[in-house]
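The next block holds one structure in the form of structure tokens; read it before the comments.
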Amino acid sequence: MSGSRQARPAEKPVLEVRGLSARIAGQEVVHDVSFEVPASGVTAVLGRNGVGKTSTLRAILGLVERSGEVLLDGVRVDGERTDRIVRRGVGYVPEDREVFAGLTVAENLRLAERRAGSGGRAERSGTTAHGTTAERRELVDALFPDLVKRAGQRAGTLSGGQQQMVSLARALLNENRILLVDEPTKGLAPRIVTEVAETLATAAQTVPVLLVEQNLQVVERLAERVVVIDAGRVVHTGPARELLDDPELVQRLLGVSAGETEVAR
Amino acid sequence: MSTLVLLLATGLGLGGLYFLVASGLSLIYGLMGVLNFAHGSFLTLGAFVGLAAGNLVGAGTWGGLLLGLLVGALTGAAAATATELGLIRPLYNRHIEQVLVTVGLSLATVALFEGIWGPNPRNVTRTDWLASTTDVLGAHVPNTAFLNVLAAAAVLAGIVAFLRYTRYGLIIRAGVENRAMVTALGIDVRQAFTLVFAVGGAAAGLGGVLATQSLNYVSPHMGASLLIFAFIVTVIGGMGSLTGAAVASVVVAVLQQLANFYLNNTGDLIVVLLLALVLLVRPSGLMGRPA
Amino acid sequence: ACAPTGATTGGSGDGESAAPIDVGIVYSESGPLAAYGAAYKQGFEAGIDHATGGTGTVAGHELNVTYHDDAGDPEKAVSQAKDLIGKGYQILGGTVVSGVTLPLAEQAEQNKVLYVSGPAAVDTLTGINRYTFRSGRQSLQDVAAAGTFVDPQGAKVVVFAQDNAFGQGNLAAVEGVLGGQGAEVSSVLVPEDATEFTPFAKKVLDAQADMVFVAWAGATTGAMWQGLDQQGVLDETTVVTGLGDVATYGAYGDAAEKVSFLNHYFPGAAGTDTEAAMLDAVEAAGGTPDLFTPDGFVAAQMIVHAIEEGAGDVEAMVDALEGYTFEGPKGETTVRASDHALIQPMYQAKLVKDGDVWTPELVDVIDGASVAPAEAAE
Amino acid sequence: MATGGEPVLEVTGLGLTIGGARILAGVDLRVERGELIGVIGPNGAGKTTLFNLVSGIYRATSGRVLLAGRDVTAASVAVRARAGLGRTFQTSSLFPRLSVAENVRLATQRRLGGSLSVLSFPRRGDAASAEAAEHLATVGLTHRADAAAGDLSHGDKRKLEIAVLLAMDSSVVLLDEPMAGVATGDVAGLVEVIRSISASGRTVLMVEHHMDVVLGLADRVAVLHHGELLTCDVPERVMADETVQSAYLGTTAGSAA
Amino acid sequence: MNRVTTRLGGLALLVLLGCLPLLAIPVPGVLPGYTYEPGTLQLLALCWLTAALALSYHLLFGVAGLMSFGHALYFAAGIYGLAIVLDRTDVPLLPAAALVLVGGVALAFVVGAISLRVTGISFAMVTLAFAQAGNVLVRRDQGDLTGGEEGLALATDGVPAALVGVVNTRNLYWLALVVLLLVYLVVLWIERSRAGHVAAAVRENEVRVRIIGGRPYLTKLVVFVLAASLATVVGMAYLLLQSGASPATSTADFTLTLLVMVVLGGVGSRWGAVVGAVLYTLLDQRLAELAHSEAVAGLPAVLRIPLSEPMFLLGTCFVLVVIFLPGGLAGAAERLAARRRPGSDPDGSGPAPGVPAPEGAVA
């Protein structure tokens, strides 16, 4: 686990983004963004509010109008429909949880399980490094016992944090080539934040994670590389340590002044 | 006594008819949020085409009726599928516009049907059994009442099973809430929605052919005239609740029969009153989820 | 450019001694009653031909007949009437729908133009105003004809009708006509929009009437007859109704043979020379004679007569029509001077099965005077 | 720190049961004028529910809510709002198609009167608009004033919620996770905004999972757990509590938060 | 500056429309004849009244977001109310109109107070139900009041002679124009008022309005009653223009046509509602001419049958507008205007140079 923090020798990247732009309601909000996500470990996307982090993730999935190239395992997918891209093995934890309020917790999870045959390549080959579907299920159950208890409850009546758990669980239930995770710890109690961070760390050993996160402790704990976005453009990429160890750079890119990661005590 | 029996039995039969019309409407409305004003047109089209097919085998024969039902359902499904693909899907996520498009479609199609088949109702030849009555406790109950109730029960069971025991049911319910997210889970939600429309259309086509058996006519306006009750039944029953629609169909029809007979033809007014009352007391309908 | 103050009719400078006369026909070319409209129009064209001896001119005036579709919608009809009146038309005709005919009569009165209404049977049109005439029969005549099937004195008559203006009007007519002749009239009224009326059929049966008068219109007619038949009403008593247009013959199903029909007209009913001329003309023009063909024909006869007597002067035309008696397709026809009721013969008929289709057969001709409506106060 | 001793908000035996499920039970809480209370607790503990009951979104199945001594248990949301209660939502709830400025304006306008009048017109540059602009400046959204609220990014919506709250000028303010999704670089600024709200004599209740923020701001910290109020005490003592440590903060308390 | 030109433009248009009865302008294919002819004036007057009615619906639907399927009820209340009062009493026109308006307000208040207890599609259905009840009552001719499907003629005794008869069509035309102007101004007024702003806010997010201390229910009720009263006023003018009442005006179908007009013009746009209504009325009245034209009669059946059904053409038109012209005519006009003004990109965040042309972009 401790080794996960070191950059690995250059493997073929799982995800390559080249010159990606995204438009929302006729306005371009992401401009010409390029970066790569290597075969394992966490790559964090950082930036202030409204700079286009979420939009970048959504553009990769084709959930917003986009142009540019997106390659998954070397294959261009930017012309494909979202569901196709996802079935190639992309797990997504959206920013606003987006649980299906009218369905029960169990139904939410059942829906998320991609069945063999409809899943990504790995899925078709049966048991993988991530174990079987059943094993993944156990892992998720262990991580969020609350959800087991509330299997029959309508997701809309869950507390904010519980909904976040459902959203995470949906992504973790499947065999993925990559996870796109948008602010997973938002609204979670400190104890759960720690647990989620650990889970992501474990997952990242085999599946690369592209993580949007504001909590710098979590970034520090997980990320190997960072991509910093400002005003819809990539303004910095590099190893996480390099950024976090340089207070001046943090101040310049993220607007956090020295010592402020501990926030106004 | 025999009058009351007759009122109840025919009320039940009428309820079956209402449900046959409402089932597809309620399905599409409940699941996709599209209040489909063109539903009546699916029904009319199914009835015309179904009857024409049935007449090839023989008007007034059971074989003809069965073929008519099949062809009617297929016609309804085809029309609905075309509507979904051509008109509803491009308006993805614009619910009001989707409703409006169906309004436009219903206006256009009724006029088109008039152009093709003429404005006047045409009479239907039924099998001898359907044209006669069965004695129940001294009342001569028209056999179409039995047919309607049976068919309604079958359609209800069929659709509920489809929703409950197929994965599509789940996909559809989730897709209604958040289509983008279902897609982001790797599911092609569009097929599911098209399927809903097709099933709804099939129910309409089936209902259309069956309706001609009790109405004894087929006309370009038959769909539209039945639609208003289908709307009412759908809302009273609770959005998206098929069982609710079924219960509401029976309640509305029986109440209507009784009020018409005993309360000086006030059936329609009573039904409207019932609708207002139900919505005020339980805005989500009899069996809808509380908001 | 400033508008001329008076209305002008364009393009009449062809040197003829008498100016052409404009006749505007506002009728249902489309809409729910387009079939009636078609029969009316065919009859009208044949009538113009007949009355002008094929010349299309009356007393040197060329007739300029224009047809306008109101689609059965009063709003459109009024717009068209105003347009025509504004363009200087003094003669309007047409309409098959009661809801349209009344507003047009209103326009005729407001603007003092001659209006000859079409098949609309509404009784209130009779005596409504000085400028309005009718070319068809009215409900009271239907009812009086129904009265010829039984002896009204002391008979128990049940009116089975829809609970709308048409049904209520018929009920009132029966009460007035047959009630006046000593019948005991009661009614079973069914909501207009109802699709299931079996219990009402039973109610009719339970009333044990000597005669049941059925006044029904619309799509549910077939189901209504089945209901009456299924509950045994047709076997128990004399059931009388009006025989409609050809398209409705099938609606009775097997009940047809058990029903006694009063009839305004069916092709071949009259057997007069005028009728023969009308039938020939309509068929030659590719039309199909039907229930309301004579209404159009008679309208043409009346309009041509009015022009002959008083072209260009509405008051003179009205005067010419009041009391006018002529040989219509149905036989001797009179415009009653006091209220413009159109006195004409009616028929008793039955339907007989001829292979797969039903055809009407004449049972009896009812003399026009014997079924004339009571005079309406103007 | 609380000094007055006059309770502005008083909650006694407050509870909510939905379909047999006990969501909240027997919560007693007395908040004094000018106090800033941090509300913490595990996810699903009932924090948002408490806010919903106090603001009237839900009706309590037991207990009472007193606002400035007045019993508002049965009062509608609007009545409570007019009586001086304001709140933000955990998931942003704005007028998506109205502009950012209009969102704020509606609140100032309501306060300045005449919102139901068809005889008065809003004008640019009138008192309500000027005030709205001020609040937008406070939360740093001036540059987005004309954007539709629905077009804002997640973090910016949180800021807009605060601006609307400022505009309402409520005496009691409920904040539901104001920092969730706010960029780390902006947290300090928002903390200052909240501090100034509190400093202006208003009473603040704040649900927040950022412990640094809670500890930096709160006079007292209330802990909810399984729908019950465990404690409400000064931060030092609450943080030392064992249940709080294990159920909420977790073993690595402080380091991950 | 911009505002001044729009106002001047509006005024000029109004003057022009006001002068139409004095001019002889032919618009072939659109109008039945010269603009001074009664038939043309009647059609135009009908357009103005329909536009006024559509504006009142715009207030309900476009501003407050209340999708009612029963707006026809208040229009019919105006028509039948006035027709009945004039028919049954000797009250002269103006007092009668005032009386009917009071009645319309009361009716709207009661129905609104009940139906506004539910929202969304339920609201649409309850209003539909009430309107349907009204329609049933009208058609049943209860107490001989409404004349059933035969309708009711205008009793002209109480009406000033200047408003009766074809020769006076131009007076009716002016009346209709004044009603339209009046309704437009009232709607403008309400939209600009604070209540209008709150109504728009309610449309967006009701809970939020409550949280800032507003009263959504009252706001909606105010708008509902105002819109209904306007409809009642238009209804009374309509009675005078048509000199008769017909039950078709009380049907749900009629409300649907209003919806169609407002959507055609562009939801939320006042001008859109007006233009949509005028266009709809012209098409509705004139398409029949096209349908019966000889050009159509000569076509093969596959083309002839659809083309000879006006409603088919209208319905199809409408569907096409909804699909291809989001925002209706107003939206299209706006887009066109925006294209004319290049560089109006608000914050200059247009595509940055060097961005590859969007290729295979999917939404």
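Structure notes:
Lettered A, B, C, D and E in written order, each chain numbered from 1.
Following the convention adopted for this analysis, a residue touches a chain if its C-beta (ideal position, glycine included) is under 8 Å from a C-beta of that chain, and two chains touch if they have at least 3 such contacts.
Keep in mind the model is a prediction, meaning the values are calculated, not measured.
Counting only chains that touch, the fewest steps needed to get from chain A to chain C is 2. Among the other chains, D has the CA centre that is most remote from the centre of chain B. Computed from the mean C-alpha positions, the centre of chain C lies at a distance of 76 Å from the centre of chain D. Work out the mean CA point of chain B and of chain C, and you get 38 Å between them. If you average the Cα atoms of chain B and of chain D, the two centres end up 48 Å apart. With centres defined as mean CA coordinates, chain B is found 45 Å away from chain A. Annotation for chain D: no residues touch 2 or more other chains.
Annotation for chain E: residues 136, 140, 308-310 touch two or more other chains. Touching two or more other chains at once are residues 114, 265, 268 of chain B. Those residues of chain D whose C-beta lies close enough to touch chain E in the complex are 55, 57, 76-78, 81-82, 86-87, 93-98, 102, 106-107, 109-111, 114-122, 146, 164, 167-168.
Listing the residues of chain B that touch chain A in their complex gives 170-171, 173-174, 176-178, 180-189, 289. Considering their complex, residues 189-190, 192-198, 200-201, 204-205, 207-215, 218-219, 222, 226, 346 of chain E touch chain D. Taken in their complex, chain D has these residues touching chain A: 18, 40-48, 90-91, 151-156, 159, 177, 180-188, 191, 209-213, 215-216, 247-253, 255-257.
Of all residues in chain A, those touching chain B in their complex are 61, 63, 81-84, 86-87, 90, 92, 94, 98, 100-103, 107-108, 110-112, 114, 118-119, 170, 174.
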